[in-house]
Amino acid sequence: MSGEKKSGRERGEEWWRTGIIEMRPGVIRMRGYEIQDLIGRVSFPAMIWLMLRGELPTEDQAALLGIALGAAVDHGPQAPSIAIARMAATCGVGINNAMASAINVLGDVHGGAGEQALSFYGDIAAAMDGGAGLAEAVSSRLDRFFAGEKGYVPGLGHRFHPVDPRAPRLIELTRAFAARGVVSGRFADIAGAIEAEVATRKGKSIPLNIDGATAVIYGELGFPPPLTRGLFVLSRSVGILAHAWEQSAESDRNKGPLPKEWLWAYTGAPARSFPGDSE
Amino acid sequence: MSGEKKSGRERGEEWWRTGIIEMRPGVIRMRGYEIQDLIGRVSFPAMIWLMLRGELPTEDQAALLGIALGAAVDHGPQAPSIAIARMAATCGVGINNAMASAINVLGDVHGGAGEQALSFYGDIAAAMDGGAGLAEAVSSRLDRFFAGEKGYVPGLGHRFHPVDPRAPRLIELTRAFAARGVVSGRFADIAGAIEAEVATRKGKSIPLNIDGATAVIYGELGFPPPLTRGLFVLSRSVGILAHAWEQSAESDRNKGPLPKEWLWAYTGAPARSFPGDSE
Amino acid sequence: MSGEKKSGRERGEEWWRTGIIEMRPGVIRMRGYEIQDLIGRVSFPAMIWLMLRGELPTEDQAALLGIALGAAVDHGPQAPSIAIARMAATCGVGINNAMASAINVLGDVHGGAGEQALSFYGDIAAAMDGGAGLAEAVSSRLDRFFAGEKGYVPGLGHRFHPVDPRAPRLIELTRAFAARGVVSGRFADIAGAIEAEVATRKGKSIPLNIDGATAVIYGELGFPPPLTRGLFVLSRSVGILAHAWEQSAESDRNKGPLPKEWLWAYTGAPARSFPGDSE
Amino acid sequence: MSGEKKSGRERGEEWWRTGIIEMRPGVIRMRGYEIQDLIGRVSFPAMIWLMLRGELPTEDQAALLGIALGAAVDHGPQAPSIAIARMAATCGVGINNAMASAINVLGDVHGGAGEQALSFYGDIAAAMDGGAGLAEAVSSRLDRFFAGEKGYVPGLGHRFHPVDPRAPRLIELTRAFAARGVVSGRFADIAGAIEAEVATRKGKSIPLNIDGATAVIYGELGFPPPLTRGLFVLSRSVGILAHAWEQSAESDRNKGPLPKEWLWAYTGAPARSFPGDSE
């Protein structure tokens, strides 16, 4: 533009500028690559990586990303997101709408645990970058946690599973990828050290959960904490779709949370007359 | 413009043209009226009417619209929309998000009955405009319904209430407004004639439900059928907000559809080994 | 229950307990009142109040609530929520879906200003309850704001309107209701004192905006800050519906943000070959 | 249960029955497989297949599914879904909420073309199963289309791309997989025959688009038409996430569709006085 006044169209087109995709008639480029050069040559997880990070991953990096994405696809209909997908599927809306209502609730509580875990690991990694040893950095972060924050140590413990079967398997795979030099193994070390230190302090084991384990992988692969939630959405969308689809084969209409002959308990004001009405 | 080429900015601004609202710095006009002239002088239902229809209603018209909007605000947590609002409120999302996930499921099955009822009434009204008598027009439309369509006659019957207590009250009020000349009473007549004819054909009464009754009012007031669903969304949003708000005062986190110590019944493939693994 | 073990059904029904609505076949009670006693006797804003607060408002209270709800229904298609509603309406989804996508974005930035303003006023009111005078309480809260918080003083200023025409009208009405004893006028005083003190400190007037003004009304009426966002959703839903409806009468399909012959500016990596491919 | 009356808990648990996932403390099984047996041994597309179909795909089938999923991840910010994701990301909501508002609009018009294309192919396949030849089955289906349906032949043509660069590449890959016996190639034949016949009838080429090409792959792999939309949601979610993420790094707040100094064109009623007010 070199100092020239922009035309209205240029101003409008700049308002929607992006570095992700370039298009002209007959041409689609993702991050600079022709789409037809990518199709069939990079895996779906590699495409996800390219879109989010701007560069192609190695095949090993893409494989590890795919492992984390595949691990968290579903946790059953007692998860609000899955129940919502199933109920929505009986209300006369499209499958995309059912998915949207469900994905929408993957918020701080339902979808944010991985983000919190990776931030926690990141604080420890930063302390180590500043010269602290692993044990010292973990201990100091946990001191701060127990002093001032409340609730659960991010990434540890599960209300239902004594040991979440996904977590040890994900850590085992992370260590295998680290052994081959794909990742450093640093976040696996940090998570393991947190787990051990908490066990020592509490006198009982509170093992790593799925959010803690996927956060390890996302951290090893260099994803920033807030993207962890986005990746979880991509992952859980699979279960959400599967349940919406399964439900849509049933004849239920307006499926409620309880069997249809049940009601809910009413706990409010007793029956009363409208003010001024005689009884 | 008179033949002149439009500038880019003009083209962009026209892309988003609307006849609803006009704005300049310090000026907001709705349908031509200064916003400060409307505030405090028209009721909330009258503002809804103005926004949707382009002209101000009479006070009586606005009052009747408000009656229909107030009647359908809630039907309890066994309605999927209400259950979704409550579950969403425990997932760490904003109250607007909880409301959106819930409103989103007011689709053809959960939110479309009023639209279907008003279309049905409209077919009969059109036949009457073409010269048919009420009984003839109703009978002929029902013949067509029973011959080719399936399910329930739109606006009649309720799976839970033998008589929906809202419906007779709404019809009574519509007739009172008709007696005062606010509306014609034509849609109340049509709904009543449908109800009577179905009772005769079926040999039992299948009374008007809330959707049939609000459709009568929306039809009397001149709203087209598809707006009926939009009005229902405005109405049910109130219950959705009330339930999300009540739930947010509780300590539940990730509230599922069943008590948390319950699971779901599994009906799928039995436990099996990964292909090729020995057992 | 008196110590007896609950049946499964009782446990399930309690899981969904609520104090808002009671239902039995043929019976619907809201907050203890028969629905048919409410219909036609309370206005739509009064029904909103009853649902959210548990008790019926006076007619004057309901009227003032309706005034605030009616004031914020729309701010035009440059608001993301309105643009989203219009684009969604061209994508082949229901009007409830278009409304949901739009309402969903009324978050901290787009829909949270009223909540922030009312919290700010509430801090000042609490200081006054503790014995501080109005000027002192305002000054001390603003000291804290300018020392530690950043951005705009909640409820003041508008990026587009030098004076938002809705705000002075809403304050004028609030004062009229206060003069009649409907409300105390305390929050109007607080907002006015903030406005004056900020003008003194900044050397220029930064007038109250719509969020600050509706927060005054909601505060006068006793609504807690988080409900302010919910009430804003109810209000803006009207404009969202009106725009979705207007758009749905047009022939656009998949309406994008810019005129369809425009693209977006691409700012990313230049065109490049897939790794290993010769150019 | 064998005739015994079910307990309330059993009834509640059956209400949420599913064949997708089985869970007990420490145990998670997907479609009968232990989750830890799946993690690291099946690709992400294979996990998607297992969840949706109930059985594991071959590696080749999963690879072809991944190709289709990777091809449709993004089509830039002029697509309403992408624009919505970017605007939502500036409104103070979570990344899951921004994704939900966007995914929600992938309806019949924005997200349904693949479903329509696959249904169209399926009609032709069914005619061939009934004994018709390819050319005859295609011709007869197109006769019906041009006689009674309107708009575009499903899967053909693009408003922007003379030739969509993704489509020929996807068909080339489908044929390569067919040559290796992974799929039959039947849907590629059908799509090719439709393309050729339409070109003959119209006297000009209207080439296959991305929806037509992915529908070929989903059909080859045995997915039913309605799942096509669900798969598209999984695919486009990647672009939606990438754009929401990119936008969230910018400082925009409440980003509207047009540059912020622009307005929209107002086309409605001229400025007018409130009824009864003197001018």
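Letters A, B, C and D mark the chains in the order given here, with residues in each chain numbered from 1 onward.
Quick note on the criterion: a contact is a pair of C-beta atoms (placed from the backbone, for glycine too) under 8 Å apart; a residue touches a chain by one contact, two chains touch by 3 or more.
Source: prediction; values computed, not measured.
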item: Selected pair, greater C-beta contact count between B-C and A-B; value: B-C
item: Most distant chain from chain D, judged by the mean position of its C-alpha atoms; value: C
item: Distance between the centres, which are taken as Cα means, of chain C and chain A, whole angstrom; value: 29
item: Inter-chain centre distance, chain A versus chain B - centres from mean C-alpha coordinates, in Å; value: 34
item: Distance from chain C to chain B - Cα centre to Cα centre, in angstrom; value: 22
item: Where chain A touches two or more other chains, by residue; value: 9-12, 14-16, 18-21, 23, 34, 38, 76-78, 83, 93-94, 96-97, 100-101, 104-108, 111-112, 257-259, 262-264
item: Residues of chain A touching chain D in the complex; value: 11-12, 14-16, 18-21, 23, 25-28, 30, 34-36, 38-40, 42-48, 51-52, 63, 66-67, 69-71, 73-78, 83, 86, 94-97, 99-101, 103-108, 111-112, 160-166, 168-170, 173, 226-227, 229-230, 233-234, 237-239, 241-246, 248, 258-259, 262
item: Contact footprint of chain D on chain C as seen in their complex; value: 7-12, 76-81, 83-84, 87-88, 90-93, 97-98, 100-102, 104-112, 159, 253-258, 260, 262-264
item: Chain D contact footprint on chain B (complex, rising order); value: 9-10, 12-24, 29, 31-34, 37-38, 41, 54, 56, 93-94, 96-97, 100-101, 104, 257-259, 262-275, 277
